[in-house]
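First chain A sits with chain B, and in the next complex the same chain sits with chain C.
What follows is the complex of A and B.
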């Protein structure tokens, strides 16, 4: 049986019920979506869908490009017994499509990625790389021993 | 256990909506609920048919005219394909042909075409549908803060960058092997490492005070033989006028040619010798000598 495994967290959005929290939003400097599939036409259509959805939601699109395809070939014997000179060759082609998005907030990223992933066609896989930006945590701004005076023995 | 359940599925398959009675032409009524399994109804049905149709199937009703004939030109396509669905030739009013043509022929038509059903279609994601979906999703999105428009500002306020990768795939197994490739073990550990390194960098040892000029990692021009040489040269050339004191030296240091000479020498020493470095040094020396 086919099992769809998704590592990112999805939240169910209930209709007519939007809760606004005081928690600060995460900021993503760059979100890179790489889709892999066996059919180039399917990836073309998916790219059109993803770029149009990003434009409608107001997300700045960086580059949209096509990394070169990867072909995995194997040569097997045609017959089950002897006939070494007669072989058959198979190949598996993996086409890629890469979409880079810049300056996107955590809420928007969650909404967009969930929308994109729910409409991922069958036979297509996706990898999402997110670069989040964060402030320096408070406990690093000053060394800890300036507040708590302790004897600091130098190491050997 | 297997045989009664298979008969139950037969009866469930013929009735589209459970909990509804369905009157067949033979007069036999079959009910099916989600919980009860009517194995006896399947048994009665088999002897009744006796030779009508192939494989014990009941005579099929004729399919009416396809929906495509009744579709108006300005219809709402999002209502025809609201969600992802396989290709239905009677619901799509396009003369699509797909498949390898017979010799001297054309690709087969859409009616009964397996190739069109196999390939994933995007009929539920037309531009109109995408616009509708995005309109519904807009309230959940937030805007990027307008103050952080350049990369430099982002780096200034938010210097730490955390990269994470997620994978979406389908297959016979739950696991995705590419998820096992990591750079650093986890986020908490990374923050702990950062704290430790920060505190370690503040610690100074007693022997660090004995650092000499030869130990320095980078070349610094202040108090170096190069600076002394340049200043002595300029004083001998009597550029600044009479007197040989600290104030005259400070004045000379502030001059533009001396600064350029300092930049070129520092660059040569730190980055090594290169074409552009030597050219810059030549220009600086020429300016010092007023050539």
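What follows is the complex of A and C.
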């Protein structure tokens, strides 16, 4: 059964209202959290916090890795008028950190992501990709050629 | 005096004639006689930003794949001028602006030039005015010092 928990502002286990419904919970095969920021140290500490929270909640952590940073460079003229040969270069570095969680239920994912997102540091953005698992619909289970009897009619 | 005028070199104030105009002058303090106090922020040049300095304005719009950078920049400029004007002469250092979700957090270090009641009033006034203006909760976090924190003298 789906357990809907409305978490309060501060901690998970503080003043939570839990309602139980009959619909089956969503199952996620993989939840990928990609965090990006300008400062590598901030991402380091956030990764430590997220992995610690996942361990405390009993979530299986898959890979925690660092995709290569992306540098966006601009070359502009240094002077307001003429001097084409003298330019100034600026760059914007985006560092990434990726945390993959495997085999997680919908409720746990919702609570964990809400906790993680409420504590996102400023200047850091997060992208979440969820891969859900669904039961195969019954009409696809058996291949079609087994049910339909073969017709021996010559094709026109 | 006339002799000085005759022997004085002709130095026209035309920018493009001198190679020193090709030097970078942005956000840099040039070395002087040693009597001018300078804070940590001012003493380090912009190329030290991710290494010895932090960021004064923290938001996600300059990351790769994010947008609305220009709007954030304009808001920042307005907030800096506004706070500089309301707390005139009281600012010890540059303002740090942080955006977390919807909340705009303005952190400033002030000098103890005004009595605390006036400070509280100005803080409340800034917060309410900026929140109404930007339609988001604006928080002002202020710390006070006796004097400016001097890093070195240039």
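We take it that the second predicted complex is superposed on the first by the 121 of 156 C-alpha atoms of A that agree within 3 Å, B and C clash if a C-alpha of one lies under 4 Å from a C-alpha of the other, contacts with A are read in each partner's own complex, and residues count from 1 in each chain.
Everything below uses one rule, namely that a residue touches a chain if its C-beta (ideal position, glycine included) is under 8 Å from a C-beta of that chain, and two chains touch if they have at least 3 such contacts.
If you're wondering where the values come from, they're calculated on a predicted model, not measured in any experiment.
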Touching partner for A:88 - first (chain B), second (chain C), both, neither: second
First, second, both or neither for A:70, with chain B first and chain C second: second
Partner chain(s) touched by A:39 [first = chain B, second = chain C, both, neither]: both
Contacts of A:103 with chain B and chain C, given as first, second, both or neither: first
Which superposed partner A:79 touches (first chain B, second chain C, both, neither): second
Which partner, chain B or chain C, touches more chain A residues: B
Which of chain B and chain C A:140 touches, first, second, both or neither: first
Partner chain(s) touched by A:120 [first = chain B, second = chain C, both, neither]: both
Partner chain in contact with A:53 - chain B first, chain C second, else both or neither: first
Intersection of the chain A residues that touch chain B with those that touch chain C: 39, 120-125
List of chain A residues in touch with chain B within their complex: 1-8, 13, 18, 25, 27, 29, 39, 41-42, 45-46, 49, 52-53, 56-58, 103-108, 111-112, 115, 117, 119-137, 139-140, 143-145, 152, 154-155
Complex contacts: residues of chain C adjacent to chain A: 16, 21-22, 24, 50, 54-55, 58-60, 62-66, 98-101, 105
Interfacial residue positions of chain B with respect to chain A in the complex: 84, 119-120, 122, 124-125, 127, 130-131, 133-135, 137-145, 148-149, 151, 154, 157-176, 178-179, 191, 194-195, 198-199, 202-203, 205-206
Of chain A, residues touching chain C in the complex: 36-39, 70, 72, 78-79, 81-83, 86, 88, 92-94, 120-125
